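Each chain gets a letter, A, B and C, in the order it is written, and its residues are counted from 1.
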């Protein structure tokens, strides 16, 4: 296990409080930005390039994965200018299938691991699942914060588990899901993000998508933590927004929040992702509208 | 546009690369202009007297321009003494013959109609306000117009409940109210003045500011549409002379003024001994106090909002930032980064954060005071931004190392300029905050509730905001201590200024 | 006016629960008669299960109705008045059929009273709340808060104005309501419910049940999830038993003392007092 971070307690103590009303007002104001024309076209294209196309269902089969990966590489079969997504996100058992279906493309494979979504299994099993997923070819690992430990006073334990998970990832990059909807308020979101980054996370992520998803305010809170961490350590941690992002309009709002909180430096797939499934078709429809001036209909976009 | 001459030893800090929006950013927002087409501005406006638009007997007119483009928007009348006299007479007639006798319940319905009309024509009013005054469309759309409607709605509900507001005092209207309003929130200030006056049974002669007459004139059109009895509200456009004639008119029972402290004092002198009732809402130099345990990112937003909202053309602006010393380095770094994300430019663009300065004259005043800050040794910081070639614009400005004796810490700048001072203890913060002839507002930022209340108790300011700033509501009284004026607008307290009460000792 | 020879389509008078108009789950109705004894219409005869559903609906709507800003509630209630005014002809006819002698006057009074109460939404705190100057370094304030779900037994007369006079003050502060309409003159209440359904009042904030007093009042009075009961319309002979049942969960028992007063509003509120120290 990785050595304990002696500065950890001091770092946590420095995490500022969050005023909920002020935070929500700022997020709402950012959501009112008017993104039009060239800017909107760039944003829609960027959303695809930053998307983690996701399926995390008990009913996922090889066939489902193969179809989704096809869509991931070529979202619109009629239009070669539409880029591939950044990654697909699947359960460990489907990593091999995904890897095969994506061979020859630049699309990466992210795997959830570590007793997703609850995180409540013995640590040894969770670490083993991570190692197996990486061995199967996963480029990226998405784990959950142990909320049971974090909310129950075991912040050191939660920290240690993340550090151990980072080690188990080897070369794969680690995303830590804070499950913002379960944390109950913004102060713990800020602290959880600080904790995860201190412990080695490459990305902080809002939600599993299984209980309540991201909100503009919770995303802003997380990004403010990322900003402070960069100021203190020089390290840039990525931000992934997931859970309930179904419309392009929402995706663009998160981009604005990112842009005005963390700046242009974070505008790249290495530092920003959106985890989604139905979002992709809405983005494609919006691109169609931007180009033709006509509102689009779902019949013209594939369902995979 | 004037230039700021910087001292050679200190200049603007290099803008932080981290978080900066530079032109090369792939996500530079395309222009998103709100359409002007919704508002039809007439070439010429008369005075609104007795329910009709009439030519001024003075035969004088003047232009009103858009401060963001310097184009002429329209020509409005310059009311002379005779015109003011007509307007007051119309208000008196309406009071005596119609309005005074109307039951509160029915007066209320007119006020509800006005509120609803403002909501219906919200976009039109917002665009016009931005054109005439220079404030960003997102502010006129999201703050000014909704609040104006809300004021009418709120005071409508008091019109038939005055006995409950003042039990045992038999409230009665005063008669004719002469009201002079400023250019920083033209429509909203008209609402703040007209709504309570009418709710209490008075009639009104309103004098809008010289540089921003148009939304008051559009409001007059609305008053016609809602069938408000003629003469209940009259609008006389003009400059300082018109206002002076109005407040001095012998048949005005009540004077209400919002504007500069100097003019407020002149008005008080002008009506001295006349028995007229008076309320004044004047200038301010508010302290925004940040403790080390403040929720810092929200505090930064509050500071920014406190001084750059409406370009700082706000009497209650948080123009003095008092920072607890340990917090200073982080706070300044965050402020500078945040300043860099402010979008200054065309007020009609929906993404503009900081619009135009209201007039050439005001821009000159700001430049003069900013120069004094540099000359007196404070360190100036301005973000990188390109200002439009035409129109009156000023970059958001920070002064560091400011002391209480600097002019920029004492005088109201009424522009987007923030002075940063430090303190160590709560007592020192209170002392510095109160060390001014003004007393309109103050801000407190800390996680500790008891400290908020302790500070609020000691701050000599009529409005104290804790962990927020620049929040207004029709139900919440607003007004100042000391030279920031007297009287309160909004809330139950806002009714008092427009009523007479029965005397009588021992009335049960 | 309808053309001669044209057969009119008659209205069905149903319950109003959760924003919708269901029939009684019991499948029953009862005849509503005019002063001469002629049948005006059949009204739904609500059962105790309908009542139970209505209370559940009111409870479900309480949180979001009470958490709206007072200004927002005031706007929503004012909108109801706009719709009432627009439907004058229908209401005047309904009032006249229910025996109202001066339908236009009663309707004017009902609309004006509704607006009068709507205007209190964001003002009752000024007059009824306080800051308490305790003898110590504490900031102490008292504010009125809505009590929760209010059951209202509407008076028989005037058919519309009587109901409005009890319903408006109850919901202004954020309470939700279950109304037992007058047994003999229920029709204006149902038509009022139609206005509520098409205004911006959220589903469940007001529920209206028609039916027999004897069947419904005891269950309303005894229901453990109702916080207050307005007994203004409870027949005299039933009052004592009603109040006994209400005692089981310490319901606030309220009855009309005045036509128009903010005290009618606060009769349905709880006064909450909060202390906080003042110290640097």
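Heads up, the rule we're going with is that contacts are C-beta pairs under 8 Å (C-beta built on N, C-alpha and C of every residue); 3 or more make two chains touch, one makes a residue touch a chain.
From a predicted model like this one, the values you see are computed outputs, not experimental measurements.
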Considering only chains other than subunit B, in their present positions, which groups are joined through touching? A | C
Whose Cα centre is nearest the centre of all Cα atoms in view? B
Quick check for the class: compute each chain's Cα centroid; which one is farthest from the centroid of subunit A? C
So, what's the distance in Å between the C-alpha centres of subunit C and subunit A? 49
Note: subunit C sits from subunit B at a C-alpha centroid distance in Å of 41
Could you state the distance in Å from the CA-based centre of subunit A to that of subunit B? 44
Which residues does subunit B have that touch at least 2 chains other than itself? none
Along subunit A, where are the residues that touch subunit B in the complex? 16-19, 21-23, 25-26, 32-40, 42-43, 46, 224, 227, 230-231, 255, 259-265, 267
Quick check: in the complex, which residue numbers of subunit B touch subunit C? 105, 108-109, 112, 150, 153-154, 156-158, 160-161, 164-165, 426-427, 449-451, 453-455, 457, 473-475, 491-492
Which subunit B residues qualify as touching subunit A in the complex? 18-22, 24-32, 138, 142, 293-299, 301-302, 333, 341, 350-351, 447, 467-468
Sites on subunit C touched by subunit B in the complex: 70-71, 74-75, 78, 112, 115-116, 118-123, 125-127, 139, 262, 276-280
